[in-house]
Structure formats: C-alpha cells, structure tokens
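Input: a single structure, listed below in structure tokens.
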Amino acid sequence: MASVSIRNLDLSFGSVNVLKNLDLDIEKGEFLVLLGSSGCGKSTLLNCIAGLLDVSAGQIFISDKNVTWEEPKDRGIGMVFQSYALYPQMSVEGNLAFGLKNAKVPKDEIATRIKRAAEVLHIEPLLQRKPSQLSGGQRQRVAIGRALVRDVDVFLFDEPLSNLDAKLRAELRVELKRLHRQLENTTMIYVTHDQIEALTLADRIAIMKEGSIQQLADPHTIYNKPTNLFVAGFIGSPSINLIDGSIENDKAPVFNCSSGTINLKSYEFAAPVNAGKAVLGVRPEHVATGAAARALSFNTEVVIDVVEPMGSDTLIWTTLGADEFRFRVGGQTNLAPGETVLIGFDPAAASLFDHETELRL
Amino acid sequence: MSAQARPSQLFKNLNAKIASIPMILTALVVFVGGTFWTILYSFTDSKLLPRLRFVGLDQYERLWSAPRWLTSIENLLIYGILSLIFSLVIGFLLAALLDQKIRFEDTFRTIFLYPFALSFIVTGLVWQWILNPDFGVQKVVRSLGFDSFVFDPLYNSDIVIYGILIAGLWQGTGLIMCLMLAGLRGIDEDIWKAARVDGIPMWKTYLFIVIPMMRPVFITTLVIIASGIVKLYDLVVAQTGGGPGIASEVPAKYVYDFMFRAQNLGQGFAGSTMMLLSVAIVIIPWAYLEFGGKKRV
Amino acid sequence: MSDPTLSSAGAAATVGSPGLVSGPAGPRPRRRFSRRNIFLYGTLFVIAVYYLLPLYVMVVTSLKGMPEVRLGNIFSPPVEITFEPWVKAWSEACTGLNCDGLSRGFWNSVRITVPSVILSIAIASINGYALANWRFKGSETFFVILIFGAFIPYQVMLYPIVILLREIGLYGTLWGLVIVHSIFGMPILTLLFRNYFTSLPEELFKAARVDGAGFWGIYFRIMVPMSLPIFVVAMILQITGIWNDFLFGVVYTKPDIYPMTVQLNNIVNSVQGVKEYNVNMAATILTGLVPLVVYFVSGKLFVRGIAAGAVKG
Amino acid sequence: MKFTKTLLAGSAAIALSTSAFATDLEVTHWWTSGGEAAAVGEFAKAFDATGNKWVDGAIAGSGGTARPIMISRITGGDPMGATQFNHGRQAEELVEAGLMKDLTAVAEAGKWKDVINEIGLLDSCTIDGKIYCAPVNIHSWQWLWLSNKAFADAGVAVPANWNELVAAAPKLREKGMVPLAVGGQPWQTTGVFNVLMSGLGGKDLYLKVYDAKDAEVAGGADVAKIFSALNDAREMSRGSNVQDWNQATNMVITGKAGGQIMGDWAQGEFQIAEQVAGTDYSCLPGLGVNELLSTNGDAFYFPKVDNAEISAAQDKLAEVLFAPTTQVAFNLKKGSLPIRKDVDLAAANDCMKKGLAILAKGGLVKSTDQLISPDTATQIDDLMTQFFSDESITPEDAQKRFAGIIKSAD
C-alpha cells in the first residue's frame, strides 16, 4: 500500500517548468531519498508534498487521501528544515507544543507527547532553553522533535543535516536511521544533495535532474547499475571512470577504445546489443592491480600520475589511452608517481552507456 | 482516490486577502481613485468647488505658459538632482566614516540623525534665520571684520534654491546615513578581508565592490529621497515662501496655491496631474523591472 | 581598519632584545594622532558642528531676552539667561483669543499620535506580511500602487479625502484623522515591513504552516515577536511624522482637537510688531521635544531596525 | 457631482427666533496678530454678552493656511458656526453651491442697507438679491506711511506726496536707509502696484483696468506711467530684506526705512509702538495725489447647518457684529473704518480721521478683492513679486504680461 503517491505532477513558475509530469509511489514505512544537485527540483517536490507550494497540475495522495489542495497541516506530515526553522522567541518546549496547540490537542496529551519525543531525541534537559542557546546539533534534534510530536505518518526532511559539521552529520545520520527503525510504519522522504547520506539512509533513492526522476531504485542498484550516464557520474566518490569507445558486435560484443579492446562477454546487457559509439563506466574500486589484474579479462599497463593517500585507501590517478583514469588501492600501498603498474577490471562490474542517448546498454 | 473539486481561487489565501483590504482600499480608492479624480477635474474649469464643466486642455495650456510653473519645474529639477546626489553621497560618506569602528559612534550618529525628528516647518524657520543676512552668518562674519562678505542665499534669486537645499540636506541626510550604515553593516566582513589581502585601496573597494552589493538599500533610499523631493513644499513655505519673487517656487506649492489661494482647482489639478504623470513615468518601468519578469516563491 | 582602542598600546615598538633579529616585532605601533585619525575625527567633528549649529542657535536664542536677540549675533551665548520665552511659549502665547500657548495642543497631539501610530503600524505590518509571505494574484500590483502613492503630494489629495471622509461619516473626527495618517503612512511603512518580512527565513514560515498555524497565527505568534527592530523603526518614523503634522491635523479635525503644531504655526506666523524670535524658538523646541526624545532614546534600535528592514529587498 | 447635493439635502429652515439657550458657536478667522486679536476679542465679548459662547478657532496665516481649512470644513459637511473671508469674490461659489446661510432677514431687521457706509460692500455680499455675509469693517490699501525720524535724519522734509518721496530717496540712501520698505510676500507687492494705480492713475483708470478689464488700457500709455512708478518703487525698496508686512512697518517705526505703502491696518503697529500720528509718523492717503480709498475689508459668512440652536446663534452673531457699539469697539482696535455711518468715532486719531473725511466725501472705490477673482489676483501677485525681485524684468515686459492677465481675467 502506497503511503505517498504522486501522479502526473507538474509545477511551473511562469514559463519555467520546475517539475515535469512526475510520478512517484512511496511505500508505507519506506525511507525515500530525493537526491540531486541544487536546482534539480527535489526541494520543490518536497514542498509540493508538504503543501507549501501549489501544484500546476497532477495529484498528490497521502495515506490514500487526495491532498492535492489540502492545507499543510491537514496532510498528516511533519517537516524538518535545513535551517532548523525553530521559532526563536519560544523555548524548546514551546516549539514542540506549537503545532499541537494549533491542532487543539489537550494539554496533558501535549505534555505526554513532548516527553516521549524528548526521550527519544535525548533533549529532556533542553526543554526550557531558547533556540539561540542551543548548538547546531541540538537545534536539529529539536526540529526533528517538532515533527515527531505531531504523530504523523509521513516525515519530510529538507536537507536537515547540511548545516552541520561533518562529525555531527555522521552522528545524526545514524540517529536518523535508528529513529526510522524505531518508528516503524513511518514514511520518510528525505531531500539531500549528499550521496553518502542518500546511500546510507535510503531504502530507495530517487535521483532527480531538471525536474524529473532519472532513476528510482535501492542504493545498491543505483550504485552498481546506474540507469544512465548522469546517474553513473552523479553517484560515487571518487566518481566513475568514463572511457569513450565503440561497441562492435560481429560475433561476440567487444568494446574498442584507445587503449585496446575489451571483451564484453561477461557484461549483462540491458537491451539487445547494437554496434555503435558508447561509453564504458568503471568504478575506481572495481579496478585490480598487479597479480589480481592479470587474472581479469582486461588488463593493461599504466603510468602513475598522482597518488592521493586518503587514510583507509589510496586513490591513484593515471591515464588510460586518451581518458583520465582513477583507481583505488589499499591504504598501505607504496606506489609512487612515475611508476608503471598493471591494472585490470571485469566488464561484468562495469556499466555501458549509449553515446547518444546516454542510457544504459 | 476520488476526484475533488478545486477550491475557488478567490478563497485561496482568504485571510491574506481579508487582511489586505485596507491596503487594497487605500491603493484603489485613495491613490488610484484620487488620481483619476484629479485627472478628470484637471480638464474642467473648477474654481473653488469641483465642477464638471469641461474646458479641454485649457488648464494645461495655461499651466505651460505660466512663468511660475516653469520656474517651479526648473527649481524642482535643480533641487531634485542635487538633493539626490548630495543625499546619497553625504549619507554614504557619513555612514562610511561611522563604519570605521570609531569611538563615540552613538553620539555622532545621534547628532547626524536628530534633525530628522524636526518638521520641515521648524527646519525652514531655523535656516531662514541662520541664512538671514541681517542676523545670521553674514552678519557674524562681517562683525569679524570682513565687511564685504556676502552670504544671503535666501535673498538672491539666483541661488535661493541652494539655500533651501542646505536646509533640506541638513534635515534629511541623517536618515540616509542610517540606511547606508545599515547596508554597510550587512556586508560580509570577508569582503573587506579579501579586498585587503588583494591590496585594493579602500575607496575602490567601496566604489566597485561594496556599493554594488548594497543595491536593495539604494532602492529603498531612492524611494524615500525621491518621494521627499516630489513632495517638497513645507520647507519652501517656511523658509522663503517661494521668494524672492518666484525664484524658489516648487510644483507642489504651485498646486497648493492654485487650489486654495487662487481658488482655481482646475489649474491646481492640472499641475498635480503633471506631477503624478512624471512620477508614473519613473515608477512604472521600475515596477516592471522589479516585478514583471521574475517570480519568487 | 584601525581600532582606536588598541592605539593606547603606545608608540614603543623598539623593544626587541639585543642580539636577536631586529625589525618589526610585537603589536604594530599605532599612534593616537595618526594622519588617518586626525582626518577621520576632524571630518566628523566639522560635520557634527554643521548639524548641531541650528539646534545651538535655537536653544541659545530661546534663552535670550528680546533686546539681546535684537542686538547680539545669533551665535553668541546668552548674557543673561531667561526662561521667560519658554514659559511664554508653553503657557502664555496667544493665538487669537486663547492665550494658553502650546500647552493647549499638547494632549491633543498625544491623543492624535497614539492611535494613529498604532493603527498605521498595525495595518502596514499586516500589509508587509501579506506581501512577503502570502502573495496572491495582484498583490504586487497593489504594492506598486502604494509605492506610487508615496510620491503623491499630500496637498493634492486634500479634497478627495475630504469627500471620502464625508461619505463615510468620519469627517471632523479624531478617527477620521487617524485613518488619514494611516493612509499616508502606509506606502513607506509597508515597504519597510515587506522588506523585513522577506528577509526573515522562509523556512520558519513554512514550519509554522506545517505546524498548522494560519495567517493570523503565524503573524501574531511567529512574525511579530521576531520583529521588534522594524516595529521600532516604524514607530519612530510615524511618531515623528504624525507629531509634526500640521496640514491634516488642521484640515480634518476641529479646534477642540487641534494638535500642538497648529499652536506652533499660530505663534510663529502671527506677529506682533517685532517677531519674538526667542518665543518662536522655544515653541519650536517644545514642539519638537517628543520626537527628539524618542530619537535620543531609541536611536540605536533605529539603525538596527533599518539594518534589518532595508538591507534585503 | 454629488459634492454639493448631499449637503444641500441636509440644510434646515432658518430659525429666526432668538434662542434663550447658551449655544457654542465656533468662529474661524485668521486674526492672530496683537491688534487683530484684541479687536476680535471685542466681538467675542459682545457675543458672549448675549448668553451664547464664542469658541475661537484662530488659524494664523490668511490665504494659504486658513482658507483651505475653512473650505474643507464647509464642504466636508462639518462646518464651523461662522468664518471670516475677505468680502469680495472669495466665497462666491460656496454661496452658489447653497452652502451658506441666507442673512437677508437679519439684515432687513437691522436696516443694514440704510446705515451702511458704502452700499457696494453689501452688494458684494448679495447674490440673487439675498445677503449672505456680514461685512464688519472697511480697510483701505491706499496709504503711504512715512517715518518722520528717517527724513529728519536724512535732512529732508517729510514728503507730502509720492513724487516728493521719490525725489528724497537718494538722500535716504546716502544715510543707509531704505526709502521704501516692501515685504517680500506677493500680496504686498501687488498692493503697492494697485495703490500706485489708484493713487497716481485715478479712479477712472483703476476701474477701466479692474472693473471693465480693458486689456487695451492695461497695455496703454496711462498704465505705462504706473509701471514706471512701480520701477521707482522697486528701486527704492532694494535692501528691505523682510517678509512680513509688519516687519516692514517696523522698519518705518524704527526709522530704518523712509516709508511703506500699506493698508490702514499698519496703523495698529504704530499704535502698539506708541507712536503718535503727525509727530512720529505721517500718513498720506492715496499717496497724497488722488484721495481715493478702496473698500477692502472683512466679512463673516455663516455656513448652513441643520441645527436650529446653532442657526439661531448664527443670526445673533450677525446681528452683534453689525451693532453700533460693537462696530466702534472693534474698529478702534483694528484700525479700520466702521461699516456704519451712524456711529461716532470721536476717539479716532489723525490718520483715521483723514480716512473718515474721505469716506464722507464719497472717495471710495471698490477693492480688487471685489472686482477680480482670486485666480486673477494670484497671477498678478506672481507677476508683481517676480518684478520686484528680478531686476532684469523691465517695466515694459511686466506691463505686457499684466495686460495679458487682464485680458484673460474673469
């Protein structure tokens, strides 16, 4: 049963179409992440779901109720904002109670709910403070609490962690995940531009670009089987290596590029193979070196250009034929710039895209 | 999933619309209505009371052949341009000076701002007095031994408008300074650091970096200064009464005098229509640029 | 940018121990009388004199007797200080048959100013709020018309408003005048409030909507408590404007509620032989006292409020 | 336009019965200077004595300040009980619009027509045979006030007419005095011109220009002489850096100026300064050339109200204003001539007596207030004030513009 459904949603400001004929179904209890770079329409979509923006066409259903023209408060949603959006003149308790008072919830019920939310979020000692007396992490907890006390089916997060420093972000990320598990049956829709957040938190990720969803799938699929060139390039850090070449399909399909011919026997084609120009995407961590590389169906020698130690692993920059090529080795490597090294990869783990349509082949 | 009737657009934001009723009424009834009323009656020969007896463009012909109206326009142009330039320049310089982390900032700011608390009537009166050659600056300087010193701006037709300008700037620049100061305080400190590291001289930083960043402040300021200029009336009445002769007449005074002193409403309305027209010529393109193209949510 | 508070660190820069590298060390030397400071404070001082001169002349003159006013120059301090002009201006000066000076109009001015300030600010702040957060079709058109209205000389609107007030039956009453002040204060105040509310984080407004607060709920519970600075600015502007108003006060009311400025006009404009400049000046200062005090007390908030309201557009 | 209709609807029948109740009556006027306020006090005293109460609504600054207030109040439907206007054409339209109370009954009861000094004054209050205002005094513009002290200092005899003043001017200049003080306000410069017109040009010329509005005469040789005299006046007035008329008068009183052309209200200033006519100052009605006085003056109008008590009080006030005792008391303080010929002004001083004598001889002429509209008057004001302040305007240019104004005058 879908918790949130979006049908043929259009939104335009004047002549600019921000969302184009968008469809999306979100299961009850699912954690869905809307991922994209700024301006892709992900926050706009979230605001439409929240009812903070009026749609130009289409419908929105929440818990099977058509809420397209409902007020935000009547949609059964809670929302957490990037800037926390705490009411500065109210105490933490006041912030938590504000929505409930507006909904005319009885006083003792309010107290109970606040107490419960405060326990869950570990903010009991802060209840009497003003937002200005809280740290960033505490503020965001309160903001989450404000959504929590509303006792709703759908949580909306609008880049909630972007204003926090890296360490806090990691901490709160885990807590959010824990919270989601605790609140079973609560749907969460989470907007972010940070792929780590998306990959770690999501049940499913919707990658957006220019107002439409490029791919909607679980993190594993998104990462390993990107549906098009954009998704492949967007997900993954360091980003995927892209090699220009062409597919030849005489007997068995092969990929010809400036550094040689790669046999595509092990590659799972998504569609019948056609010869033509294509792009091969290889994730840096799917590249093996030395003896391991020799065993793979494709290997070649490259000269190391730059070595970037990153602690747990090391990133090596080289060129493969005409293309820049990165690969990842262990943190303890002793490779140095100028050395020649044998690398190899298995096309089964790679992705092939049509040069024209940029779609996965 | 049932289909649902789209709520009427009229009732959307109903509370906002209800709350805006005073604004809508003011805008439509007073400002638009009053303007059209004024324009309508400018084509009549109304004297003491408004009467719909149309005389075509007679009032306008007379208006544009009246030496006093032409002098008024000329004065308003001189005063307006100079007042705009000096208000902005002085206001900005004062703000820049006060923004140098100086001591006694509060004191200086209060000194520059207090004239704004006084009405134009009072301003006009005081400056009339200071500029009066028989007791004011001229007399004081002469009593120091400079017998031939002449400083009588209010009694010299050629420069009287500058005498009014002195008083007008005295009264108004404080507010402009505050606006500018507020704008400067809103500029990111890092800009200054960057400019300093890059070795850009301070005046260049102000001119090419800071001022362009203060565009919104300048717009608010411009509206305030410009609306004050168009409405210039009390100051002239209190300081010179339009004199010597008609040398310091301004359009608002022409309009007022013809409406009430000369009891020729039609002529007064013709004058005010011209004023409103010139304001509209400035405002409408601005509004178009500001609101016409983009739309923010 | 120098910080003068540091300049007391003194001129002693050459404290490097012998044998070590000589050259700049420690805090950079700053002199209190650097060329920059002399220029800065000198300029400020000269400008301050220009701004203070009229006030000085007013005060000094109001403390002189008439003979001294006639003889001396206007800048010289009073030889013999007398408060008689103040007493006269406040309680004795005649306008027509009433010889009770400005005191007559003071409370009327208060009675006019207080409701006018409250109503005009209430309306303008709601306008600004609606324009910033609840735009509806045409709302910007009304805003542009309001800005246009800021440029309409009051005198031009005198007659239409007489008709308007007559039709709604408020002509000649205090409330009629209050409405007139609200109308003419609306353009600039709405502009300020709109800019201010636009500059507040939009997410706050969204959060409140999700929390179920409506138009009024958000206004009273969220916006107003956050907007003290801009309310102070609006208050200062309105108190000044309304307190100093003469034209509306006299055209739209009756003698029993004439504001203080009417008495000021009568004192200043009716002359008995020689103009009593000292009384005029005392009357002038007395009339301007209320806005002046407001400025002196809340000047700091004024800049802060403007900073909040005018920077973002 | 329903502007006037709604007001007409609310008008009530005029109650003639004298009310026994005390009624507050708000009276608006612009008499705020010393002598004026004292004079208006006499009205208030007399009116209060009838058991009613005079509520004073003084607003300083005649034309520009007070008049819009009065007109707004009347058209706004919330009129005062009575209001001052210069009698003449200023209130014409208010009467035509039916906003003013008809005083015919009061006037007939008080036999105003029989006792009035100059019937033209009542004519100006009469529209369609009905009387709408109560004239209260006669002011005349045609006076040249001279400082005896100034001429003594300059070592010349006090002039006996305009030409002698012009001749004596250089001597006064030598002593650093201004021969002719003229205040900077437009109406004062126009006053000088009109006085020169009637004083030097005579009654016929004056009426041809202002009554017949004959543009040819206005542009002709006779008026050219007036403009040449005006040029003299401009020359003589250089250096009088004052705005208000009474500041100019004060220059005469203190001997800083030789003379001033100003209406008889200036006399009040001499009196307050305790100057004696004949010894301290001299007065030359009609500039000592044509002894002709114009009938400027003030009148009270009574807006229509639909309240019987107020209406009765208005009648009472009209009656009181015209009463002989009030007339004497008021005009002595105001320095103007009484409206009635049946009162005795024994207390009048030299100058007033000269005026009364001219009055008795019938040397009166209608004032410009009565002859031309305020609109025309304002245009003449603009011309005159510009002429006085801008020496580059030749008398010929000014005359040409003057003729143009007269041509389009109404």
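Letters A, B, C and D mark the chains in the order given here, with residues in each chain numbered from 1 onward.
The rule we apply is simple: a contact is a pair of C-beta atoms (placed from the backbone, for glycine too) under 8 Å apart; a residue touches a chain by one contact, two chains touch by 3 or more.
Predicted, not measured: the structure shown is a model, and the values here were computed from it.
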**OP:** Tell me which chain's centre, taken as the mean of its C-alpha atoms, is farthest from subunit B.
**Re:** A
Subject >> Comparison of C-D and A-C (more C-beta pairs in contact) >> reply: C-D
Original post:
Which chain's mean C-alpha position is nearest the mean C-alpha position of the whole protein set?
Top reply: B
**OP:** State, to the nearest whole Å, the distance from the C-alpha centre of subunit A to the C-alpha centre of subunit D.
**Re:** 89
Subject >> Whole-Å gap separating subunit A and subunit C, where each centre is the average of the chain's CA atoms >> reply: 53
Subject >> Centre distance in Å when subunit C and subunit D are each reduced to the mean of their C-alpha atoms >> reply: 41
Original post:
subunit B to subunit C: how many Å between their CA centres?
Top reply: 16
Original post:
Considering subunit B alone, which of its residues make contact with at least two other chains?
Top reply: 12, 50, 256, 259
Original post:
Going by the touch rule set out above, which residues of subunit C reach two or more other chains?
Top reply: 158-159, 265, 268
**OP:** Among the residues of subunit A, pick out those that touch two or more other chains and give their numbers.
**Re:** none
Original post:
Which of the residues in subunit D end up touching subunit B in this complex?
Top reply: 1, 3-4, 63-64, 67-68, 71, 75, 90-94, 97, 184-186, 241, 243, 373-375, 377-379, 382, 385-390, 401
Original post:
For subunit C, which residues count as touching subunit D in their complex?
Top reply: 94-98, 158-159, 162-163, 165-166, 171-172, 250-252, 254-255, 262, 265-275
Original post:
Can you name the residues of subunit B that touch subunit C in the complex?
Top reply: 9, 12-13, 15-17, 19-20, 22-24, 26-35, 37-38, 50, 94, 97-98, 100-103, 106, 108-123, 125-127, 129-130, 135-136, 139-140, 143, 170, 174, 178-179, 181-183, 185-186, 192, 214-217, 219-221, 223-224, 226-227, 230-231, 233-234, 252, 255-256, 259, 265, 268-269, 272, 275-276, 279-280, 283-284, 287, 291
**OP:** Spell out the part of subunit C that touches subunit B in their complex, as residue ranges.
**Re:** 1-5, 40-41, 43-44, 47-48, 50-55, 57-58, 73-75, 123, 126-127, 129-130, 134, 136-137, 139-140, 142-161, 164, 182-183, 186-188, 190-192, 195, 214-216, 240, 244-246, 261, 264-265, 268, 277, 280-281, 284, 287-288, 291-292, 294-296, 299-300, 302-304, 306-308, 310-313
Original post:
Hey, which residues of subunit A end up touching subunit C in the complex?
Top reply: 47, 50-52, 71-73, 77-79, 81-89, 98-99, 102-103, 143, 146, 150, 158
